[in-house]
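Right, I'll just put the structure down here and ask away after.
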Amino acid sequence: MTETSLFDRLKKDGKEAWDAYTRHDFVYRMADGTLPEPAFQDYLVQDYLFLIQFSRAYALSIYKSRSLAEMRNGLEGLKAILDTEMDLHVRTCAKWGISPEALEQTPEKAETVAYTRFVLDAGNAGDLLDLYVALSPCMIGYAEIAAWLAPQISDDSPYRAWVNEYASDAYQALAGDTIARLDRLASEMATEARYPRLKKLFEAASLLEASFWQMGLDAAGPDPASGIVGA
Amino acid sequence: MTETSLFDRLKKDGKEAWDAYTRHDFVYRMADGTLPEPAFQDYLVQDYLFLIQFSRAYALSIYKSRSLAEMRNGLEGLKAILDTEMDLHVRTCAKWGISPEALEQTPEKAETVAYTRFVLDAGNAGDLLDLYVALSPCMIGYAEIAAWLAPQISDDSPYRAWVNEYASDAYQALAGDTIARLDRLASEMATEARYPRLKKLFEAASLLEASFWQMGLDAAGPDPASGIVGA
Amino acid sequence: MTETSLFDRLKKDGKEAWDAYTRHDFVYRMADGTLPEPAFQDYLVQDYLFLIQFSRAYALSIYKSRSLAEMRNGLEGLKAILDTEMDLHVRTCAKWGISPEALEQTPEKAETVAYTRFVLDAGNAGDLLDLYVALSPCMIGYAEIAAWLAPQISDDSPYRAWVNEYASDAYQALAGDTIARLDRLASEMATEARYPRLKKLFEAASLLEASFWQMGLDAAGPDPASGIVGA
Amino acid sequence: MTETSLFDRLKKDGKEAWDAYTRHDFVYRMADGTLPEPAFQDYLVQDYLFLIQFSRAYALSIYKSRSLAEMRNGLEGLKAILDTEMDLHVRTCAKWGISPEALEQTPEKAETVAYTRFVLDAGNAGDLLDLYVALSPCMIGYAEIAAWLAPQISDDSPYRAWVNEYASDAYQALAGDTIARLDRLASEMATEARYPRLKKLFEAASLLEASFWQMGLDAAGPDPASGIVGA
């Protein structure tokens, strides 16, 4: 398509949607410590339910792979989530007073359903590139948000641990791999004529991520300090 | 499973979710004429985008059919939407001042994405019965809502035409066929042990329909009359 | 990709596989009248079972469509098969002494399973272009075979009616539309880097079509005239 | 459904297809040592290609899972194949003089395509039970074949290592788990009315496995000793 990284191009051309997500009020409030804890707790529970669907998306990427190398690449991602991240998430939730039972029994909210099923359907309807483009805001956005928050968040912020996890070298490297995979797939599968649809997919996914943050804010109820929560 | 119709049982056991959808504030306000027109217009546009995804769900049902008879049954539904309903919808929108261009260019809202992709994913992940259970609130709920509204809505209500369409003998018969199809599939594929999952699917789909109505209300902005719009 | 039609390029680069299919012994024997009738009868029955799966592939193409126009295009194809071709096929079979019951009760042979499920899986794993490339040997090959046979087959050949059907202006136009659709999709979705996989898909599908013909020949048993049946 | 294990019932009711597979000439000839080595070598290469598709089927089972427990169960199976079995297979092939390059470059034969894509399509079209029933002849059949061969095959048979692998406690336990999983899914999802379709699926899969053996025999060419090649 072009010499630029597909992801960089998507981020630049879809800047409005990307910023709506990565610079969401939820993120700013993590930074300055004004995020209500119930908002974060609600987010944590929904993010657990999100991870389950995210694993299904990875499994779908293996089904849709065209080579053993691609399958093994997808399997690494799937193992990372099912064998490691889910347990880490359960422990994080425990620290926030959320029991494993609560995680199991809370139903998905509409915003969780919207983003996860959008990704799965984009993957089923399209090819591997569509699937990974739809997943990219999640995988890469968290790395970017955490890298942005890390230097500014105070050490005793309740959100410090979350930031550290996604700002870690390990996660940043994972995001880098994800960008590289997108570029590899794009070099094979993305014509210039296809780009507008990929951009639309990327923007829709970014906005659905933004509404996922908003869901957390909304859960904390009206905020007398701002008066425009959830607007 | 049991001798009761599967749908009747789902509706009874999932009464809370079903009522949240079929007795939503949006519906009451259609009845008494207090629904703001922008709310209905927003709904109409999103419902058009919904129908496109709904057609994809019908196409999926044909792919998932196990006999020619089932395939032809699905094809009738698909033709009804793509060959007839879509055009009818475009004409209805025109009467409400919504141009075909507006229909094409408006993006799907998160609530539209949530219900439609939920249905498609339920269909891809499960079998034909899962797919039709996830679709049932839409197909049967509209018939029920319209039948309930028809005797109470005034003849000069702007929502009279909408009610008439879904209260028509033709649509009511279609809903009856849908119930019969559910029962036919259930008699083959639904054990008692499977019922809790089907119920969960039905409730989730009903609640996603409720949030689809809410999306319309929210689009009309804060309502000074009630002060609790979108709550 | 290039200025040549994708199909022409695939046919040229995959000439060996394409000829193995379109110039299969089964086809030559239809031309010169030496094809044993049981071979053709076996083919007819399996082709009926093939059409059912082919309809599922068309339904899948509608699910995978990215616009209403594409969906309607797929629907025309699906209606052509389910509403028209299947009945025509049943009547053709009746003339060859094959009852509707025989059509319903005969199981698919491995060769029928191989090509049809290969197409469906290519479609599920890949995108709309993969699906249509995998379908193209069937849709376009029959037009080409019949156009080649038409001037040489005798008027009283038992295979004349079959040739006439696929050599008809209507079917030839359908094949032309199919080529145009491939080119349209390729212009959006096929990079040069993707071409080798598309070629591999095309060749595999063509060879599976060749083995579908061979299945018919094999069904007629050893042929004393040639001594190299199934070679 | 009934108190019998689903698998036992399928095996009993589909005895003809099951025996065509588990008591195929290929198997008898492994036992008595008359299987031509080229037949086994051809089988080994195709079985490698089979395993790749088999991994995709496991990935699909994770996508189609309804709980974390089911997903993790599927992941264990997927890891066993992609992380362990594939490498073991490569080593086995090396001992038989088949290079990794040969494994990569050999195309799938029609019989390999037929069984693997049949399974994947059954899984996509149906639910998790359909997928596992379609996979069961492979997973359980090998255990049964090896357990039958183990006491009768000579220690210096070239096929002894193959038999040992599948007769091992580890593999026999895996087959037992597979039967237990089928029963667990059946208890939730299989009504008596559904049984005939499951039986048909099982029989078709068993016969496609039989044709997979036959493909190996056919690859070795006419056998002067028997005079009934491919019979």
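The chains carry the letters A, B, C and D, assigned in the order they are written, with residues numbered from 1 in each.
Definition applied: contacts are C-beta pairs under 8 Å (C-beta built on N, C-alpha and C of every residue); 3 or more make two chains touch, one makes a residue touch a chain.
These numbers come from a predicted model, not from an experiment.
*Asks:* When you check each chain against chain A and chain D, which touch both of them?
*Replies:* B, C
*Asks:* Same or different interface residues for chain A and chain B, judged by whether over half of the residue numbers are used by both?
*Replies:* same
*Asks:* In whole angstrom, how far does the Cα centroid of chain A sit from the Cα centroid of chain B?
*Replies:* About 30 Å, centre to centre.
*Asks:* So how far apart, in whole Å, are chain B and chain D when each is placed at the average of its C-alpha atoms?
*Replies:* 43
*Asks:* Please list all residues of chain C that touch 2 or more other chains.
*Replies:* 56, 63, 120, 124-125
*Asks:* Applying the document's contact rule, which stretches of chain C touch chain D when the two form their complex?
*Replies:* Answer in residue numbers: 56, 107-108, 110-111, 113-114, 117-118, 120-121, 124-125, 204, 207-208, 211.
*Asks:* Which residues of chain A touch chain C once you look at their complex with the stated criterion?
*Replies:* 1, 63-64, 66, 124-127, 130, 187-191, 193-194, 197
*Asks:* Quick one: which bits of chain C touch chain B in the complex? Just the residue numbers, please.
*Replies:* Per the stated touch rule, the residues are 52, 55-56, 59-60, 62-63, 65, 68, 71-72, 74-75, 78-79, 82-83, 86, 120.
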